[in-house]
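The same chain A turns up in both complexes below, where it pairs with chain B and then with chain C.
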Partner chain A sequence: MDIVYPTIHWGYLLPVILPVCGAVLVLMWDAFLARGERSVIIIISLLTLAAALGVTLGARALPGLAASFGGMYLFDGFTQFLYVVILFASIFAVLIAAAQRELDDTPAGEYFGLILFATSGMMLMAATRNLLMIFVGLEVFSLSLYVLAGYLRARPEGNEASLKYFLLGSFASGFLLYGMALVYGATGSVDLIEIATRLHENPASRGAAFLMGLGFMVVGLGFKVAAAPFYMWTPDVYEGAPTAVTAFMSVGPKAAAFAAFFRVFLSAGDAGGSFDAVLWVMAVLTMSLANLIAIWQTCVKRMLAYSSIAHAGYLMVALVASRSSAELATSGFLYYMLVYVFMNMGAFCVLILISNMREDGSTKLDNLAGLASFRPGLAAAMAVFMVSLSGLPPTGGFVAKFHVFSAALNGGYVWLTVIAVLNSVVAVYYYLRLVVVMYMREPQGGEVRRAPHPGWSYAAAALTLAVASTLQLGIFPSSVLDFAHRSTVFFN
Partner chain B sequence: MASSLFFYFLAVVTTVGAIAVVAFPSPLYSVLALILTFLGLAGLYLSLHAQFVAIVQVIIYASAIMMLFLFVVMLINLGREEKRELQLPGQKLLGAIAGLAVFSVLLKIFLSTSLMTGKKGSFPPERVDELGNTQVIGNLLLTDYVLPFQAMGVLLFVGIVGAVVLARRRSR
Partner chain C sequence: MPGIITSILFLPMLGGLLLLFAREDARKGSGSVRAFALAVSLATFALSAVMYLGFRADYAGMQFVEEAAWIPRFGIAYKVGVDGISLLLVMLTTILTPVAILFSFEDVRKKTRLYYMSLLFLETGMLGVFFALDFFLFYVFWEGMLIPMYLIIGVWGGSRRIYAAVKFFLYTMAGSVLMLVAIIWLYFASGVGTFDILAHFREPVDAALQPWLFAAFAISFAIKVPIFPFHTWLPDAHVEAPTAGSVILAGVLLKMGTYGFMRLAMPLFPTAAREFAFLIICLALVGIIYGALMAMVQTDVKKLVAYSSVSHLGFVMLGLFSFNLLGASGSVIQMVNHGISSGALFLIVGFIYSRRHTREIEEFGGLLRVMPVFSTFFIITALSSIGLPGLNGFVGEFTILLGAFERNAWFAVFAATGVVLSAVYMLWMLQRVLFGEVSVRANLGLADMNRREWLVMLPMVALMFWIGLYPKPLFERIEPSAKVWLSQVNRRVLRVEKAPERKLRKSALAYAQRVEVK
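This part shows the complex of A and B:
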């Protein structure tokens, strides 16, 4: 039998190959290093990620259909933009992990290796129109994150987080896979374009089996993006995991899983119509529950966990809106995702620096009291992130929310927009409360004046990048917005 | 007729095995029941003319992986499942109702819709028999499916690294 090789555009695959090679290199190199020697590992990780980012930005996106591996790998504008998001998230994850005191005594090679593996998994999941690849990519990054969540094994909370995430995550993966099997059974294909054509040509394939499959996939992906009612694991896992991992978990998997969400629902077209209401309800529940619970949190890390659920809710709004105004909603989603990387990673970076100052490494809200008086720079950076997370001008958070909500209005979802705006107002309370605590309250003491952590320069770089980008995306959004608009054309 | 009898026999074996995995209180019996399920699945693959997959299923799943499972269960000496307090009142009843609801919906779907309403794939059983099972799979893995194949390699590697990380730490 003749062997027909698929078309492969190697250059476009490079952004995924680089992190994998970097991970292997880091793992090997670590074996020859003295204990506690981390800087080489960190530099290698950063260099590979930066190289991947450079290749991504330098490449010209291929039109939607010119895919490698028969559609299993797709480097279109959507992919390109999400690669930028994911790579920035992992660059931040490396930078802030380098500055976290709790991680000092842990093996570095495996930590940064797993971060790089997770990055490649997320990228594979975002860059495909094939259900099979969506699943494989999801498993690659999930498996890495299960381990990373329990990386501090001495802490019981860390073990709890890891086990909870692993058990519930595997359960959710099972739902996703079963859903894919049903969709395959109904349409006879795992390629989203193929599925779309068959749904179009053959109305019989839109039957109950297809809808049930789509429903199971919503459960599986909803778990990964932490949307209600599948968000129960989030606060405990986010709180128990090392803070640098929490930061990565709150951004990377969201980008990858939402990419799959968008691709699946945009290709399902009318056939997914019965899910409009389901997604609408999920968006409303996610936003409202998360914001209401976040108000009561006294631990900043847990508050940021609920905040990340709330942001998943706003992104769900974009997903719902994409059902009727695809282009606006998709570009809104992309822009939101990018802004979210900078503001959320920045907030977690400040949190790490604050917990570094204390013996017990706790992240209570009270610990931030009077931060402005003894760490004015840190407090100012945190204030910028909080303003941006709550969606006020002149920050990127405002522009992002504005675009997502106007896409929802444009799509005719008036009530959804109203609820989303009300939720943003509620969120202002707990974000700005943190600013008030930092600036208006007296310092409580209890900080240990320790010598600065050797990784402080990484944290400083991360903070500078995060603050600058958050402000830049808020004040001069047009060039990135253009990029987002150009990135919306994927298939159809 | 014979083939459908074969199918029903294997289907019953597989399902009973799967139920037994959950129902047995002792993990050791659960693992043994899982082997039964995997053997049943191997038989089903065989009846679909997928000899290679069936053999791999027996060698890798039913033997190698389940052997490891048995080792682990015996090494850490898991006793019988402990009776835990339920989180919600009537949790068992609620679970049973939810499970039955999903089951009945799925049953209705499978009875009412004909699956695979699209066109057939490019490798129907007759063609596979003509070309040879192993050859077709090998060819597909290294051409059409080479990307997922390689990505699975990364996945396995991540699994190994993760296991080392979780197991090693205490001694360091």
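This part shows the complex of A and C:
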């Protein structure tokens, strides 16, 4: 029997290898060299992530060279852009964790090690055409996040978050795996290109088993991106987890899971057509429910949790449009995701700095009252993020929404677009309420003017990067838009 | 003059950004922030005056056009230009902004840096709307200027300022997102492959699509104008905004709605515009009369002026949808006139409010004896708003009435009722505030206008007389562009009228629809 050795392009693997090595190094460093040296560990994590980002940006996804390990690992244009998204998300996750006071007394090695492991998992999930690899990637980052969600062990909310996320997450993983098994049963392959070919050639393979399989996969992935009706866990988990982890959870897993969503549905092609209506309804429900509930929140962290669900809804719009308007929808999704990293991470960063000012670290809306009069810079940054999250010009959020809505209209989904834009009006109400509270109310006192946290320079770096990128992506979007359009190359 | 529009457009924004490095004006009666803001806005006015002088009155198309690639992938460009329609509105903006800033010198004491930054950013936003020749650019300015206006109402406004600011924002936003959908839809449906507004004028839009797109644009603009019944945000926003905010809001922002109808909604979708014309004229007439009646029963001077705006802008809509030259050029003049006279009225309300901290009509009476100069200014402004011949208001309203009469005499009859009513509420208000005995003791010691207030009012009154007595240069600049506009809105796209045949139209007449007939 001949053994076929798979082709491996090590250069393309480097962006994943680096964070894994970084994670091991961080763990070892913490265990043997300098117990409690947070700054060294933070810097190692940042360096490995920055190196991975550099390699990703420097790489050129070449046709024909994309697949390694027989398609288990795939570095195509789509992967490249998502790597940028995920790595930026992780860099922010490290920066803002370094600035969060509540995390000061927790073991640093494990925390940042887990962040790096989660990063590698997300990257793997985005960079494959193999269903099993999608699952492996998903489990790698999910397990890291289960632990991170309960990282503040003394807090009951943290334990609740962790347990809830773990139980429901495993349940969803089960659905996903079952769905994959059914798809395998119907088509005889776990490779998406193979699946696409067989679906095309053999109409019998598009039967009930395949559709059921696809349906279960929608449930599993829908859980990870927090789409309605599978979003119930999100607010509690997001609120209970440490803020820095919440920020990471609201961005990274979304990018990875949506990547899988796009890959699966684009390869299913017409065979997945019967799911258009399902995804349509899910998109509408996700946006509308999340926005309506977000209005009533008085805790900023919980509000941002619902806002992240709503944004998953807008991304679902891109997914719905991806069959009829593939290029616009995919590039729209990529651009939206990148903008979302900057604006959402930035908002969470401000939130962390505000909760640092208080003894109890609370994130109530009232704590922001009059922020503009005693921390004008912080308030201005938050205002920029809120404007961008609302999708108003001249910020990246506007161009991203414009792009996704263009895709939907081009695909013929007029009513879906109308519902989406009306949703963004509802969203403006609660985003701007933060501006109201910061600029139009008087400070109510109670914030402890403590000495600045030693990690404030990390937060400052994160905020500068986030504000600059949010504005740049809104005012001069052209070069990144071109990058996103070049990145709509799949499997090749 | 290459680059003149870009300089006018971004000078205020640049000034606003420079204010980031300034220190707050702490004490009363001094301050570098406000002086700097005033200087920037005056420099903007000077530049725009240079543009006005260089404007060729005999040329109908866009002038001083500048174009640069922005997002080439979507066919989005930075393209700006000015014609006879937008020229006067640009001038109005650059005149009202320094006036508003000068008024705010004493009026605004807290967070001065943010305040003047907002005003300057707002100026760039408003100018951008009038200059933009690209849908995307237009929309960016259209939405972008909401944020500074929102801050101006919400931070420096009256007691119910937050409610008013949020209401203003949500109303406007709800309308404009529908316009965004329509813009993108138009982009894909027309197949022009660009967001260039002028390129879309050349390509007639499918008659079946026009009503939808027109409706989406029209709702957005109707909320801004505001046309009855979309006006409910206006009294709140005007009353709660600080005086300078009201001046800008009434003076310029409302014009963005009528300008939107004129620049985009009507010439892009002429067939639909004609179909909707009767409805919109009816709503405009209702607005004219309703606004006047509401103004009559107000006890608060500022609210009275706010409702008078609803009435006066009804005239503009009436003129536009008369589809004739008199109506169109009258509307442009009326937009400018309303900007001047209602801006001046809000300033006057601001003067008495800063003295007495109330705007209730009952609290005043006999001010003519105490403040003769102020009263003179007040009377001139009120008469200009009523439309007394010799002052600016008359020119616009009379031309519009002629245009409306040409279309349908009944329209003119109803609209003329509005003129009469406006005389009733204005003169009645003047009588109660200025004439008679001084009824409230607190009014006895009121100081008359000081030097700064003179400076604020003089340009306004000068403009009232200038436009009232010698409007010819303005009409000369408007008319060539208005004629082009008229030919755009009067073109017809062939369509089948009968209902049963509608289904066939798409296949059999798909080609024919593209053919223009006069």
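Some observations on this one:
Operating definition for what follows: the second predicted complex is superposed on the first by the 480 of 492 C-alpha atoms of A that agree within 3 Å, B and C clash if a C-alpha of one lies under 4 Å from a C-alpha of the other, contacts with A are read in each partner's own complex, and residues count from 1 in each chain.
Definition applied: a residue touches a chain if its C-beta (ideal position, glycine included) is under 8 Å from a C-beta of that chain, and two chains touch if they have at least 3 such contacts.
Nothing here was measured: the structure is a model prediction, and the numbers come from that model.
In the superposition on chain A, no contact is made by A:G77 with either chain B or chain C. By the touch criterion defined above, A:P253 reaches neither chain B nor chain C.
After overlaying the two complexes on the shared chain, residue contacts for A:G313 are found with neither chain B nor chain C. Using the contact criterion defined above for the overlaid structures, shared-chain residue A:G158 touches neither chain B nor chain C, since it reaches no partner. When the two structures are aligned on the shared chain, A:G396 is found in touch with neither chain B nor chain C.
Of the two partner chains placed by superposition, only chain C is touched by A:Y429; chain B is not.
Partner contacting the larger number of chain A residues, of chain B and chain C: B. For chain B in complex with chain A, the touching residues are 105-106, 108-110, 112-121, 131, 135-136, 139, 143-148, 151-152, 154-155, 157-159, 161-162, 164-166, 168-170, 172.
Per the touch definition, chain C reaches chain A in the complex via residues 69-74, 111, 114, 136, 139-141, 143-144, 146-147, 150-151, 154-155, 161-162, 165-166, 169-170, 173-174, 177-178, 180-181, 184-185, 187-188.
Put simply, chain A touches chain B in their complex at residues 1, 3-6, 20, 27, 68-70, 72-73, 106-107, 110, 113-114, 117, 120-121, 124, 132-133, 136-137, 139-140, 143-144, 146-147, 150-151, 153, 182, 185-189, 198, 202, 204-205, 207-209, 212. By the touch rule above, chain A contacts chain C in their complex via residues 372-373, 387, 392-394, 398, 402, 405-406, 409-410, 414, 417-418, 421-422, 424-425, 428-429, 432, 435-436, 439-440, 477-478, 481-482, 485.
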